[in-house]
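What follows is a pair of complexes built around chain A, which joins chain B in one and chain C in the other.
Up next, the complex of A and B:
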């Protein structure tokens, strides 16, 4: 799943003309480490929802990669 | 020889129309048909017999009909028509009779309802033909009919053609090739349509000198299209009109700046960039209008005296992205300026982060263009929040019943 998530994150970065990341860790912060702004996060939710069928921001703010993964896991 | 109507596989000449009118012995105030000729004939009979008429879109569903009229079946309203005192003998007699239609005749139609339930609007002969010009100059016009016949824009074209005794050729919902064939074969001189319709005609390497007038309306005017159209129709004067179901055609312009004529000076006002028109310009509607009617159109004032303005957008088309208002027309216009892109539709989709996220459907001309290319093209032209985040590549963009780009 990490790999699929990494691909999605890099798609958002690429579309925005930002530098892609090589790897992500559980602690990786979406804003500070990856450099996402609100618009990128909005796009990220749409792409994650298309792939994993879950709206990760539905119940409030998500800050790290680990939090996304636990949201996706909770759906299973 | 001029005919009355050429529709798919059917030509009706004026004498056949007159014969049909003379022998008609039944009438129903509700008119709902897929056939343009039936609709046009129904309108003419209602005028001659001074019977009220309610136009319904052929594709209204039963539940829409229930909502609008409280019923989905109209058989019970059928009445018998008495034989007229005298039969109509020829085309000029028919047109003269139609021109003398008085205020006892009412026609009701519904707005296209892009924003929810369609609104009901009633006009009389004077209000629906306010902008019809009949003159010697117009008698040989040949109209390409590119609208839904039960909507305001279609009716404006119909009355313009009818009262001048012109031929009408239906070109609505045909393919690009079929449209050009009709223009060529019938030597069409006048076309009135939405920018979406004209986009369908592009690109084209041929030119059609018979066309003298191109009118564009219903959506935001697009200069790029107008430029391309002038190559295809080298003899055409291209006009942009502002019209609404409530008021019919109000303003016309040769570019995107509308000037308010002196006779309308006191009947039009702009407040907070919203366009208001005085109630005397409106048909009768169920809306509770005090004095001024808010068109829900956002405009930009170009000059105050004389009043000139540009149309910006429909107010309720604005998409709210995290508190920022995005005008889908502006985004579409920029996307359409990218080489290789044929059509685009921009719309908002609910998003838990920003409230809405900008989405876009794109039709490419030939080769597949990458999403990232479009986005980087837009980056130099639009603020980041206006740039679509989700793209879908498709072959065709849906249009509304009126022929405008569908937003939802």
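Up next, the complex of A and C:
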């Protein structure tokens, strides 16, 4: 799943003309480490929803990669 | 280009749908009823016109029913025309909260939810989409009996301007088409005398032609208007 998530994150970065990342860890912060702003996070949400059928921001703010993964896992 | 249009069974919505179909747009149209005219249009454009019976009072199922199951996440949306609306013609001292909540549901809340998912759909496909809300001249010029209705359209104009600012960076545009009074069912409750007084307030002294509104909407959807966003475009026979 990390690989799918990494692909999605890099798609969003590419669409905004930002530098792509090579790897992500559970602690990786979406804003501070990856450099996402609110528009990027919106696109990330939409792409994750299309892939995993879950709206990660539906019930609050998500800050790290680990938080996304646990949301996706809780859906299973 | 795929365009989502609400309230397509009659009046302005039907006219918009017809104009856009003639110009080769693919229309995803929503309405509560299937009028005879809509039935004929569906027969004339079996490929390009898709119709869903949906009541916008049900704002909870907008994502699932309209975007996920009907349009589908794989189909890009290039435009959203928010046309469906309920009229409310009464003076403020007769304001009924249940009726007010109902028109806010249809005229304001449902379009806001539709915009949410239209933008999300555009983000998924990297589409520089165009959103057009049909507003009303009653927002800009007061009319006796239209305060409640006008307030719903005023809310949309504010929402549209902020949509434009928020999503402009992604190339997504949002404009309002401020329509003057037209000869549709929406204004059918007005008496001839009331209508004439309204038309006398316009420069052209005439009701607004549906076609003029539809053609302007087609323009706002097209690339020809790519530098226009956050605007209220008046098509109102010159109500100044």
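Please note the rule applied: the second predicted complex is superposed on the first by the 76 of 76 C-alpha atoms of A that agree within 3 Å, B and C clash if a C-alpha of one lies under 4 Å from a C-alpha of the other, contacts with A are read in each partner's own complex, and residues count from 1 in each chain.
Definition applied: a contact is a pair of C-beta atoms (placed from the backbone, for glycine too) under 8 Å apart; a residue touches a chain by one contact, two chains touch by 3 or more.
As the structure is a computational prediction, the values presented were derived from the model and not from experiment.
Q: Should chain B and chain C be called a clash or a fit once both complexes are overlaid on chain A?
A: In the arrangement built by aligning on chain A, the partners chain C and chain B clash.
Q: Touch check for A:15: first (chain B), second (chain C), both, or neither?
A: A:15 sits against chain B and chain C alike.
Q: Of the partners chain B and chain C, which touch A:46 in the superposed model: first, second, both, neither?
A: both
Q: Going by the contact rule stated at the top, is it chain B or chain C that touches a larger number of residues on chain A?
A: Of chain B and chain C, the partner in contact with more residues of chain A is B.
Q: Once the structures are superposed on A, label A:57 by its partner contacts, choosing first (chain B), second (chain C), both or neither.
A: A:57 contacts chain B only, not chain C.
Q: Please pick the stretch of chain B from 6-14, 42-50, 204-212 or 276-284 that overlaps chain C when the two structures are superposed.
A: The overlap with chain C comes from chain B residues 276-284.
Q: On chain A, which stretch or stretches are contacted by chain B in one complex as well as by chain C in the other?
A: 15, 39, 42-43, 45-46
Q: Spell out the part of chain B that touches chain A in their complex, as residue ranges.
A: 321-322, 349, 351-354, 357, 371-372, 375-376, 379, 384-385, 389-390
Q: Which positions of chain C touch chain A when the two form their complex?
A: 73, 119-121, 123-124, 126, 167, 169-170
Q: In the complex formed with chain C, which residues of chain A make contact?
A: 15, 39, 42-43, 45-47, 49-50
Q: For chain A, which residues count as touching chain B in their complex?
A: That would be residues 14-17, 38-39, 41-43, 45-46, 55, 57-58 of chain A.
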